[in-house]
Amino acid sequence: MDTNKKTYILTGSSGSKLGVLDLIIGCLYRHECYAYEIHTFDDNDVERFFFRVEFHYIGDGEFSEESLRSQFADRAKAFDAEWDLRDLSIPDKLVILVSKYDHCLEDILHRYRTGAFNIEIPAIISNHPDLKALADWHNIPYYHLPITEETKLQQEAEVWEIIQRVDADLVVLARYMQVLSDDLCRKLHGRAINIHHSLLPGFKGAKPYHQAYEKGVKLVGATAHYVSKDLDEGPIITQLVEPVDHTYTPEGLIAKGRDTERLALVRAIKLHVERRCFLNGSKTVVFPGH
Amino acid sequence: MDTNKKTYILTGSSGSKLGVLDLIIGCLYRHECYAYEIHTFDDNDVERFFFRVEFHYIGDGEFSEESLRSQFADRAKAFDAEWDLRDLSIPDKLVILVSKYDHCLEDILHRYRTGAFNIEIPAIISNHPDLKALADWHNIPYYHLPITEETKLQQEAEVWEIIQRVDADLVVLARYMQVLSDDLCRKLHGRAINIHHSLLPGFKGAKPYHQAYEKGVKLVGATAHYVSKDLDEGPIITQLVEPVDHTYTPEGLIAKGRDTERLALVRAIKLHVERRCFLNGSKTVVFPGH
Amino acid sequence: MDTNKKTYILTGSSGSKLGVLDLIIGCLYRHECYAYEIHTFDDNDVERFFFRVEFHYIGDGEFSEESLRSQFADRAKAFDAEWDLRDLSIPDKLVILVSKYDHCLEDILHRYRTGAFNIEIPAIISNHPDLKALADWHNIPYYHLPITEETKLQQEAEVWEIIQRVDADLVVLARYMQVLSDDLCRKLHGRAINIHHSLLPGFKGAKPYHQAYEKGVKLVGATAHYVSKDLDEGPIITQLVEPVDHTYTPEGLIAKGRDTERLALVRAIKLHVERRCFLNGSKTVVFPGH
Amino acid sequence: MDTNKKTYILTGSSGSKLGVLDLIIGCLYRHECYAYEIHTFDDNDVERFFFRVEFHYIGDGEFSEESLRSQFADRAKAFDAEWDLRDLSIPDKLVILVSKYDHCLEDILHRYRTGAFNIEIPAIISNHPDLKALADWHNIPYYHLPITEETKLQQEAEVWEIIQRVDADLVVLARYMQVLSDDLCRKLHGRAINIHHSLLPGFKGAKPYHQAYEKGVKLVGATAHYVSKDLDEGPIITQLVEPVDHTYTPEGLIAKGRDTERLALVRAIKLHVERRCFLNGSKTVVFPGH
């Protein structure tokens, strides 16, 4: 295969019915699109069929994305399909929300800088000024929007205005120590990822490492999940752990846990950006990536 | 060092005070005991000092365990010390409680049979007859003590009678699907280990894998812990995890989780038998072993 | 989907050409076969396309396996395809070769006994009598075929005769401490799995744990691989590791390593039996399983 | 314990003889030093006893480090002891050597900046100019010392001059793509750490990820080790792995492997700086840290 060809991804879900896969593969075939990576998942509980197909156009002429779209759209209705076709050369636009901790932000920025994911970062927003220098060094606009109890909703409105203005594909809460309102959670449904510093459902809420210390657990971990209005309850994307023991103080657990937070978060971002993650009720379908 | 010498272990805890370590090491030195492996932990929160010292007698004469004991006992009082001296060549006596699942039992018996731990197993007790053949094959007495709601206390009394009669050092609940009474928990304080099939504190109680399925977690795990009267709340000894994804049914989670259950349990047993585990309130101190 | 339907698996590889996937999916569609799990891999280096499709027949009539086969066979030629269609309800027949160590054998037998894989075990062959009792307990014929330098080829001929007689689908070397002849390796190409007790390519050959001890590594591991005539060089299926440190003697490494050997081996067997493994030159393609 | 007290660490090794531990603990006791963390290891093969004791002075007066040193020094001779006493409040001085890759450097600098290790970094040296901006941003002097085949020894002399001038405690090769001369290796014996991007002893030398790709391994890893004159053969400190599969290209392996490189390296640095690592011939003794 000529890997200089543009990469497209067709993703979606449909009812669990005979014919949907034939439709997908047939449409691609007739458009001279070579599908080299296919993932599917059939959820028996809810009778939904999830799919992700990565392909190149390998014909001699010009690939007509429009023709593929319209042919597929017509017939997909019969299968109760929701779907998306995406040219993977177009980078996703990420808006990052942070407070004062920089370990997750720095890891995202390092991978962004070295081309590890195909993203743009048009805005970093924080309720504190501390991480401005790091943003500046990466030439990324930094919005310092402080929060007080009185200004919380006003601040959120400003956050939302920025998200809309830069046309963000994804919002990442990289240890943003604020709870989003139900309204903003709803607006960001399926396109906001949070990192929680515990292995959910253990240790929800505040100070999970202190809870872990009190409990005397032998593993600490982190959970990247889609944001939902119920705090720390959103669909889980990735989870990682590290072994610990009785010699760890809460501070030691925090330090060790950070190694899981940043990795769980950057992996979730990469999976999302590569269109490998699907919401499935309160759970996710995550096709394997790297 | 001559490894044919008998191995002794001195374990215990004391107040966090200057002098206790000098006392331990000094006593051993004066008795010509070479301490080649020492672990200590000072818990700042509760001002307790935990210690485990493994040693050989290397003098030319006869080692007087009694002399060491009495010398140490006298002086240890000043440090509010609880301690134990043990000749490691004497095997621990394990009583195993099971129901119908054999994966944990089989792993314990395999290691027992191949000499991986220094134990004897004078009794396997079950509320079902299913695993008798496995016990028979290992020449271990199997006590089938069925339970009904009415006979629960009577059955427990019989269990306790066997534990006492065989003079068990340790009771292992190897997927014993019964809740012990508060009274029996109290009697077995610090010498009964349970395996719970989740990563506590997540998914306490019944059907943890089904809970994990509903939640859509990306890791399943198991927790070996000392039994306490609060169900699934006892001090944690070991925890292990395995990665899973959306393709796992509850049955798939159960199967994968078993690989963590049996390993977490046999490792906890080995750590306990080698006197590496200490109760420390609702937590444990576990010095590293293999 | 009605999960009482028979499960079939279509596996194979073809040239990396447009049309092969359309052929597969189209054939299944026309035969009213619902493909709910599809894995594909396109190897750019060798221009080969690997596929595995799991499906049920969901029509009202009777599924004609023959019709599907003949329709697919005709057209698959154009794609240089090698393929196989299998009714997953038919168990694979495993022949197990062992010497004296029982940890891998016992784990396989435990999973066999509890239905964790869909297999039959018509023969266990060993050059030692030691594990006969374990085989007997599982009602599996045990062939004790001793080896001396002089009788090696004769013994191998007997091994081969048994493999043929029981019509083995897979031969598993579960710590069989003998090197197979080139001839037998060739005959068993792609259907014999060995477990090597190191993380290959580190520590090939004899006594890998002793080599690991001398080297002072901080991880030990095991590698399950297809048997090839070059010792410890066959295509790798699974690899697992466990952390170790300076306190491990060679015996300690052996004990810890066993936990990786048996798990790496049983997982490789399960992946093979579920038709998730493909030879790809000196490497494998292994589609994810549980 | 009053944790505001200065922390000292006594480390060393001696012959495996009765009395050395009594000497250590006795000296500390007589100086009113409370030893709260002790690690020991007795290597039977070479009859060497390794020790690390962390302690505070808890007397009412002034701690006389000199008195402790002299008392200990006198008596330690009888045990063929090499030892060191260190005030842990004094930061280690690290010199970092890099080429163009920044993932390891950035991780070290992040932890340095956020106080995760107690170090100073008086110099970053590179044969390329690329990472100057990163050094500048952390206010660390950056020395660009290019190498050609002709200037290699001259360049090394300059490197050595800087190491001496800043009085470096530790030299870290954070993906420095140059082989040090035997002479410099000897000068840096026991105080230079390299990160090799494979799980040694697998895949020594150049392009280990490409070797791993050709071999088709299912795990990639990294090894942090002390530098020795035999390339990629120095005593191993830490090793980490990540699972991979057939879908990884060499570039994919490189990307995934980096997550192990940086973590293996920063953990090795932390263990060294906290005086938990000891050379033991071609191996290490590494007492557990966080």
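A, B, C and D label the chains in the order they appear, each numbered from 1.
Criterion: a residue touches a chain if its C-beta (ideal position, glycine included) is under 8 Å from a C-beta of that chain, and two chains touch if they have at least 3 such contacts.
Not measured: the values here are computed from a predicted model.
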Self-check item: Common touching chains of chain D and chain C
Solution: A, B
Quiz item: For the chain pairs A-B and B-C, which is connected through the larger number of C-beta pairs in contact?
Solution: A-B
Quiz item: Greatest Cα-centroid separation from chain D: which chain?
Solution: C
Self-check item: Rounded Å distance between chain B and chain C, as computed from the means of their C-alpha atoms
Solution: 36
Quiz prompt | Inter-chain centre distance, chain A versus chain B - centres from mean C-alpha coordinates, in Å | solution = 42
Quiz item: Do you know which chain D residues sit against two or more other chains?
Solution: 41, 247, 288
Quiz prompt | Residues of chain D that touch chain B when the two form their complex | solution = 1, 3, 16-19, 21-22, 25-26, 28-29, 32-42, 44, 47, 49, 58, 288
Self-check item: Contact set on chain D toward chain C in their complex
Solution: 41, 43, 199-203, 214-219, 221, 235-239, 241, 245-247, 280, 282-286, 288
Exercise. Write out the stretch or stretches of chain A touching chain D in their complex.
Key: 102-103, 106, 110, 114, 116, 137, 244, 247-248, 252, 255-256, 259, 263, 288, 290
